[in-house]
Structures are given as structure tokens and as C-alpha cells.
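Here's a structure for you.
Chain lettering (A, B, C and D) follows the sequence in which the chains are written, and residue indices restart at 1 in each chain.
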Amino acid sequence: MNKTNAWKLALATAVAVGATQVARADTIKIGVVAPFSGPFAIYGTQFKNAMDVWEAQHGKSVAGHKVEFIFKDSGGPNPSAARTATQELLIKDRVNYLAGYVFTPNALAIAPLINQSHTPTVIWNAATSVINAKSKYFLRTSMTLPQVSAPLADWAYANGIKTVVTAVTDYGPGIDAQKAFAKEFEAKGGKILDDIRMPIKTTDFGPFIQRAKTDKPNAIFSFIPAGPPAFSFVKAYTDNGLKADGIKLIGTGDIDDETTLQGLGDASIGIITSQHYSQAHPSKMNQEFVAELKKLHPDAVANFASVGAYDGMHVLYRMIEAGGKDGAKGMKAVIGSSWESPRGPLTLDPKTRTVTQNMYIREITKGPDGKLENKEIETIKNVPDVGYPTK
Amino acid sequence: MKSLLPFALMALVAVVAFYAFPYNLAFLTRVVITMILVLSLDLLIGVTGIDTLGQAALYGTGAYAAGLFAVHVWADPVAGLLVGGLAGAVVAFVSGLLLMRTHGLTLLMLTIAVAEVFQELANKLDWLTGGADGLGGITMNPVFGTWQFDFIGQTGYIYAVCVLFIVTAILKVVIGSPFGLSLRGIKDSPARMRAIGTPVGRRRVAVYTLAGAVAGIAGALAAQSTALVSLSVYDFQVSAEAMIMLILGGTGRLWGALIGTAVFMAVHEVAASVDPFNWLFIIGFLVLAVVYAVPRGLIGLPEEIRRMVGRLK
Amino acid sequence: MTGLEVIGLNKAFGGLTVARDINITLAPGDRKALIGPNGAGKSTFTNLITGILEPTSGEIRLDGRDIGKLSEAQRVKAGIAKTFQITNLFKSLTVRDNLRLPLLERRGLTGRLIRRSDREGGVEDEVESLLSQFRLSDMGDRPVERLAYGQQRLVEMAMTLALKPRILILDEPAAGVPSSESPLIAEAISGLPQDLAVLVIEHDMALVFKVARRIVVLVSGAILTEGTPEEIAADARVRDLYLGASHG
Amino acid sequence: MNLILSIITDGVAFGMILFMISVGLSVTMGLMRVVNLAHGGFAMLGGALTHWAMMQMGIPFLPSAVLAILAVVVLSVPMERVLYRPIYKMGELPQVLATIGITFIMIAAISFWLGATLMPIPLPAVMQGSVDLGFRTLPTQRIYVVVVGLIVIGGLFFLTERTRFGIRLRAAVDHPGTASCLGIDTSRIFSLTFALGAGLAALGGIMGAELLPIDAYYPLRYMVLFLTVVAVGGLGSITGSFLAAMALGILDTAARYQFPEFGTIFFYVAMIVILGLRPQGLLGKA
């Protein structure tokens, strides 16, 4: 095969599609790659629900451009499926923008593609800092783990927690979260008594909790990816009666996100987590967001994935508004811009292309409706992605 | 001549697919790679009667070996394939020394366990493998220094199809050889093979090693075409789906492996794009329909139809 | 001596002795039969000779060489082969393939990956001559599972013979064969090469007396007596113990 | 000393759950010679139905659990008749394919009906909190798990050793051909055993939901775990399943206490060693 031909075709199909057209009433296509099936299908559901809310509030077109979404199921962390799906979106469906991406390897796998096609890609979840360094076309409306865990260390030390046992899932993000927390906590003068790494496929967390208990720390810090293991971990904490011994549980918001919160039971009251979003965030915008969500999907709850997608929609719409099909123009318009989100004020940091956002320290309490909620008790303002690689 | 007919048909399908789905070449490439993996499984399950659920251990090691070779040593695709194949063979040989002593459920579970151990090791050795983030930074050189991997995946597809042809042809020759005949003998009756003086244990290890090489080549191709290797190459799902595709297509004749893979992945792709949330229903019903209607797999369909027509007469 | 010598063979599973001080010789041209009631230890004896079981004590010699430590496969290479009690063939393979396998194995060719299995000249000639010897030429390309049972037994014997053994153990060659097909088996045994040492283990007394020149009687893992068919037929103990009991 | 006691208590509680879910699988696999990958699906159905009854219908824990188990049992009988019976004679590979298909449909049905979220089962007040054992505290729920587990194994012993059904069941497991010759109605035994296995799985799913939380993908997520217990215990052996579940539970727990960083590897290496030494499982027939 002739390589120049291939390149021409690639350019014709994916890169320069309509870059010079400014005709109105055209259709802008956006590919959404996320797990819609499989053990992580909850992410796809949360994304889709939040998109419905956005469309209900802001319509299906912007500045005269019709916006069309094409969904591709990536399953779990499966870079080859994610890459194939993305390639098809770019070549066959000729999408102008990409969005979604829940897992780090999936996002990393498409970096070479969007570098060639120059397609702005809004990451709605994947949370490793290094992703955005791999392509300047990545924009991120979720967060990065250091953003979340470092502020929690400050809060913990300031609130009488001097000794901590860390217990994190034994894989990249878990270790990153542990390091970010430990570094900050020890810098303040706190002490890490033990660092427990828990295998990814752990089912019974009781032993880890027992082991942590023997060290008699003021608190256990934990990061476990949201889902069944996080749920069992918190259950093991509450069931083993550590609260009575005065050992607090603190962690990233993954361990008590809204999709599992009600199942944790009243025993979980008092658990402290840090994250960028709580369904109970007391702002008018958030109340409207949640109200609209409940109207469209009565059983749904809003969590971090919801706002990742909702703000992702904001970024996509602003880009389309400014540039239509011209992704470069669109990106120029949104990078550095600030806006109000259901989670609070956001700025798309020009350096890291991840949103700078408030971090909230939340405590599980019983809300006015008798249901459990993550009540925000402290706000750390404007936290950038502190983990972005400095060359 | 007759034996070349299926190859001609295969070539025709490959060419037609290339022109009929010019925008789905990435997907087609994945299908072709999976076909190679399923072929390796057919050599074990279909030909020799060794039921395993651990192809992921061989496939994944091939992928990591090829990925690491490309990043640290030489980014030549063909050399990478050989390295992947070699890695798969080595893992198969070493683990086979233990695994091939067992049968049935025990063998299934042990092969699963080996794949799980490899996955955990790859996670632990994150300085080498990139851990949960995956092994990135793979940029392949042009194939034979001439054909550059292009954006829409034409080179990747043609390259993978060529590898599939070579692998299928080699396996056909092997199955038709005295060695292959002895494998089919082992499937029918290991006890009898022993009684005619065949060292059955060694033969099983040998075929497992060969299958390891083929699975490793499939893994290497996957690593090269995705340009990233993640822990998911060792997933139980990889082994399990390969087995489903093989049984779906029909075991023992290689063509069943190809048909099963093509049908399963095509149905999955179409069903998932029609309804990303509930496609599993479709796959479930497809699988059940095949079991109850054509227990020997899709490759037995023509005969089954002939028999039904015969009954009507 | 040439041939098989079994000297003082014992086998015990825990406290249970299943073979007790067995001494048997089998020289080229011998036609011996091993008989005995159910549970006498005939299968154990076969398994000890072919290497499936390891003896507790005693020696097994082939041409004066101790083969007690050799594996099953190695003993086949050394020249000891047996047929199976219940047909144990490669059911999905054709009759020709069933014969090719032992022939290829005997020549040490089954490790070959390249040549086609049906293109080895010497092997193919031998396949055809075995087929005609056992009158199976018409059905050579049929899968074995589609053959009548008696014919399957013949394939079984042809396969074992293909190994060119010097010691042939026929383990109940007529088991399960309808009596109408039984003469086929006797005829096939009579047609075996003259220099072959044959040990027949059989229940069918008519067959035993037709083919055997000497008969060994095994009871409770030990040899009761050995003699010509006439001597055995006249032996009162054998009558009581075996012939009378099982035919009565 | 405390450590050892801790390992044993946690290990036994974990092992009991593994036992309850896996024993039905072991017996059905031993009896019907069917590789039933859909077994975890019954545990999931039990959990999901309990969740649904409690959260959507407001029924308390105990009646919800009982209703869920009954529903699973009732469902399993026609399933065995229609879906399983044709595959008994088919050989392992079509069985794998058929039961994985059944699993897929179960998953798709539950995620269609109840969504992809976790389905928590709130515990009644008596089972909440923890109990002080002197050397440590133990979640009260685990005490119930152990007690229920002991009742199950006691009941199974009574059933297999002391009842006509049990004698026939053992005969059918040990000599499948002979049993039907002796006039034992094997098809009825298959039905009853299958239903019993499904019911036990549902019970295990509900009792184990604290450790193995229920969601639609439960049958695939824990399939390997349950099969491990069956393989290590030996096909068809109730005692074997019990020993295997206890051994794996305690081993796994010990690894978590002592060297969590090698947890998964340790579990699988232990399994490789056990099965390498005893390919038929602890109490499997050779």
C-alpha cells in the first residue's frame, strides 16, 4: 500500500473535515466512549443521565449547530476496545469531538490517535495526572487523585488526626493516592503507622481492618475505586466496630459515592471523605441539577461521574459555540475559561487542561429527608491538578 | 487442491471485508487478531482435547513481551511478533510441565490460576509494565521497513491478515502431519496412545508450547496495533470469550475457530451499537440457540440443515 | 533367555496382596493363555507387565534385560504390546489413521511436524498389508466408530500388531463379541506371525482351548498350576475352582 | 496467639459463605456431570430479589430473604427441565457454552430490571454492629453466617446420611449408570438436587452480600472463586467443599493479615500447589 495515499485519506476523512466550513445549521458529531455494559456499566448510566439533564436544560443544539452524540461501549479497562471504538468514531462517523473515557489505559491508548486527528477530547472520568501530558487535545472535567487526597491530609492534621494507617488498593491509582496523602500528612507532622496495600480482587476486607485496628491510629485513610470492593471495605469498617474505638475512616469520595451511599447504613455516619462533588452541595444550581435528574430518572442519583459528564457537556457546547467544527478554535475558547458548575466554580487550567476546582471535606450525615448524604463541612478553594508532570 | 479451497475463500472474505468496511478496519483487525488467539485454543481443545481457560496467560505475555521489545530494543513489527511468540511458548512450556499432568476441572482451574498470577505480577512489576496505567510509548516501525502503520488502519489490517494466513497454514500442516495425527489420537484416547508407545505427557507439553507461541503472536499483534498493553490482556474474560467463540464456531477443524470468532464479534459489535446497555441479551440468546440447535457449533450447520431437509423428504 | 521372564513378582496395595510370587516365561512362538476367575489378578498382572503398575518386588526381564524400571511407552518400544479388554480405539479417526498411528510411532515419526501423515511410503505399505491381513481393506477410510464390534476388535489387534511387538498380550480379545463373530477372532489369532510370543487372557474357554498350547491358571494373585490344555482340562482343582464355578 | 485466633475467626466466616454458595455447585457438577457456570447467577438472583423486596416493597429482611430463596427454588425447577436437561448428555464444551449463555441472560435481565448499581441488602438491627469476643470484636452478621453455615452443613449431613433421598442421591453420584438400573428415578433426583443447590446458592448470596456485594455482574465476577472451591474440594463431595471452603477462607485471610501485598498471588499459588499435589481435589474420587 502507498503510504502517502493512506495519509491523504486519513487527512481527508478525519483531520480537515469541514475545518473551513462555517455553514450554519450543520450537525456536530460527538463520540462518547464509556462502559455501557459490563461490571462498570454504572459509569455509562451516570454519564447518560447527566447528559439528559444537560440537554433538557440547554437543548440539543447550540449557536445553530445541531449536536449529535454517538455512543460506543468500551467495556472495562480495555485499551484495545477503546482505541478501536475511537478510531471508528474518527474515521467512519467523522466525529468532531470526543468525550467520555473512564479508565486511564483507555485514555492513554487514544492519545496517539487524537494527536494525529487533532480532535478535542473531553475526559469525563479517568483520573491519572499523566494522561493530559500525552496529548494537548485532552481536556479533563473530572479530577485527578492528588487533587483529592492531598487536601484531605491537611484537613485531617488540622482536625486532631495525628496518626494514620493508610489502606489503598494495590494498583497505580491507589499507590498515587497513598503517596499524595502520606507526603502531605507527614510534611505537616503527622505519622503514617502502616501502609496496607490491598489486592484488586479482594473480597473480604475484615483482615485489613483488623490489622489497621491493632496499630490504634486516629484514622484510616483509604482509596478504593468506586464499586463493590469499596462498598465491602466500608462495610468491614463499620461492622468491625472501629468507630467505637475512636478510629475514624477518612478517604477519597470513591468509597462512599452516591450510588452506594444509602446501602452503607446508619453505621457509616461520621465517615469523612474528600471530593469535588456531593449530591448534597448546597447551591441553587446543584439543586436544579439534581431536581431535573430526578424528574427525568426518578431512581437516579448524582455522583462524581454525573458532574464529570455534565461539565463535560458544558465544555463541549462552549467549544461548538465558539468554533463549530473547528476544534482548535473551540479549544482556544474554553482553555482558561471559568464557569459555575453544580459542584461550584471551575476553571479549565491552561497548564494542565484539568479543571481547577474546590475540594470539599464531607461527612456522612443524615439529611433532612432521612437519607444519608455527604454533607460538605469544609471547602478548600481552587485546587489545581498538583500531580501534573513537571518536565 | 481441495485443501486450498478454504484458503481461497478466506482470502476472498478478507479482501471483500477490506473494501466493504473501509472505515471499520480497526475493528476488523481486532477480529483477525482474536481469530489467531482462538486458533491457538482450537489446537488445544479441538485437536488435542486439552480443555483450558488460561489462554490469557500466553496471549498477555506475548503482548507484554512484544510491547517491551518495541519500547526498549527494536520497534520492528515482525521481530516483535517473533519475540511475542517466543515468550508465549516459553510460558506455555514452563507452566505446561505442571498443567499438562492434570485434566478436566482441575486443569481448567489451574490454567485460570496461572493467568491470574501473571496479571498480579504485571501489576506488581509496574516499573516494568506500567502497572494499571498500561505499557505505553509503543511506536512501531514500518512493516519490513516499507509499510507505515497508517491512521485508518489499512496497513494494520493487511499485516494482521497476512499473519493469520501464515498461522492458519502452518497449523493446517501441523494437524495433517504425523505429529498432528498423534494429537488427534490423544484427544480420542490418551490411554491407547500410551499403549502404542507415545509419550503422551511430553506430546501434550509440546502442543501446549506450540499453542503458546500462536497465542503469544496474537498478543504481540494486539500490542502492536493498540500501541498500548494493559493488565486487561490477562483478564479471565480474554480466555473465556476465546473459548465461547471456539465452541460457537465448532472445534477441531480450525475453520470453526475463524467462523465462531467472526460471528461472535460481529454480533457483539452490531448489538452493542444498537443498544449499548442491553446487548448481552442478544449474545446470550445467540449462544443458547447455537447450543440447542447445533451442538457441534456453527461449522456443523450445513450438515444439520441437510439432515433436517432429509427428514422432511 | 530370549523372550519375557517374570521372576517372583509381587504387588500389594497396602495390606492387600494382588500378585503373589508370580513366575512366568514367554518365549518366541509361545501361545500361552492366562485364565482365572474374576478377581484372580489377571488385570493386575497385565498392568505390571506393561508398566501401568509398579511391582512391590520381583523382576521382569526381556531378553535377559531388566525392564522393571521402564515406563509404559518405553516398554512398548522394547517390544511388549497389549490389546485392550474393552475396545480402546481412536473412534473419530478412520481405520487407516488408527493403523498409521502405531506404525508412525514405531518408526519414531510422530514428532514430525511437516510431512503429511499419509505420505510415508513404508508406513502406507504396511497399513495396506495389515488391512488385508485382517480383511479390513474395504472399510479403511471409515471412522472406526461406524464399524461392527467384531471388526473393531480386529482393528484393535491390527493396531497392536502394527507395533511389531515380540511379546503380545491379548486382553480378552473376544469380550463383548457376539458368538457369531467369535471365529473371526480365533482365525486372526491363528494367523499371527509364528515367531511372536502371545499371551491370551480370556474368559471364553472355547477360544482358549482353540488357540493356546499352554495354559496358566491364576487364583487370588498366585499361580495355581500351568500345563497343556489337556492337563488343565483334567485338573480337578481347576475344574472345581474355575471351570465348574463359572460355568455351573 | 490473638493473630491466629483472628485469622481463624475471619477465615471461618469467609469460608462459610464460600461453602454455602459452592456446595450446590459441587453436588450438581458431581451428580449431573454438568459444568454449570450459571450457578453464581442463583446467588445473585437471591440477593437481587431480597434487595428488591426490601427496598421497593418495604418487606423486612427475614421474610424478604425467605421469599427470595423460595422464588429462586421455584424458578430453578423449570430451568432445570427446559434448559439443563438437554445438555446433560452433551459433553463439557457445549455445557460451558450453554451455561455461560444462561449466565449472560440472567445478568442482562437483572441489569435491565434493576440497573447496573450495587444492590445493598440492609441488615436487620439484630445483625448489625459487632460482638466482643474478648481477643477482638467480630461483626455480629458473621456470627449469623457461621451459625447458618453450620445449620446448612448439619442439614446436608442429615439429608445425605439419614434420608432415603440422600441414599439415592449418593448412589446416583457414585454410580450414575447403576442407579437408574436399580429403578431410582434419577430425573426426579436431578430436579430436587438442582433446586436444592440453587436455593443454597441464593441463601449464600444473601448471607454473603456483606463480603460479596450483589450487582448484576456478580455471577461473572465471582465465578472463578466458586469454581475454585469446587475444584479444590473435589467434585460431588459435600465434606470436600466444606474443607476446601474453610481451607481457602483461612489461607486467604492469613495472607491478608500477614502479607497483603502478595494477596492474590498467594491465593492462586496455594490453589496451584493443592491441585498440583491432589489433582482430584481434597476429597474427589480418583
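Assume a residue touches a chain if its C-beta (ideal position, glycine included) is under 8 Å from a C-beta of that chain, and two chains touch if they have at least 3 such contacts.
These numbers were taken from a predicted model, which means no experiment stands behind them.
Steps from subunit A to subunit C, taking the shortest chain of touch contacts, total 2.
Least step count on the touch graph, subunit B to subunit D: 1. Averaging Cα coordinates per chain and for the whole protein, the chain whose average falls nearest the overall one is B.
Using CA-based centroids throughout, the chain positioned farthest away from subunit D is C. Averaged C-alpha coordinates put the centre of subunit B at 42 Å from the centre of subunit C. Mean C-alpha positions place subunit A and subunit B at a centre distance of 35 Å.
Distance from the subunit C centre to the subunit D centre is 48 Å, each centre being the mean of its Cα atoms.
Looking at subunit D, residues 111, 220, 261, 264 sit in touch with two or more other chains.
For subunit B, the set of residues that touch two or more other chains comprises 120, 124, 277-278, 280. Residue positions of subunit A touching 2 or more other chains: 41, 44-45, 170, 199-200. Of all possible chain pairs, the ones that touch are A-B, A-D, B-C, B-D. Those residues of subunit D lying in contact with subunit B across their complex are 29, 35, 83, 86-87, 90, 92-94, 96-98, 100-105, 107-109, 111-112, 220, 223-224, 227-228, 230-232, 235, 261, 264-265, 268-269, 271-272, 275-276, 279-281. Residues of subunit B touching subunit D in their complex: 45, 51, 98, 101-106, 108-110, 112-114, 116-117, 120-121, 124, 236-237, 240, 243-244, 247-248, 251, 277-278, 280-281, 283-288, 290-292, 295.
By the touch rule above, subunit D contacts subunit A in their complex via residues 6-7, 10, 13-14, 111, 115-120, 122-123, 128-130, 136-142, 210-213, 215-217, 220-222, 225, 252-253, 256-257, 260-261, 263-264. Note for the complex: subunit C touches subunit B at residues 50, 71-74, 76-77, 81-82, 84, 88-93, 97, 100-102, 104-106, 109-117, 120, 159-160, 162-163.
On the side of subunit B, the complex with subunit A involves touching residues 23-27, 29-30, 120, 123-124, 126, 131-134, 136, 139, 142, 147-148, 150-155, 158, 222, 225-232, 235, 272-273, 276-280.
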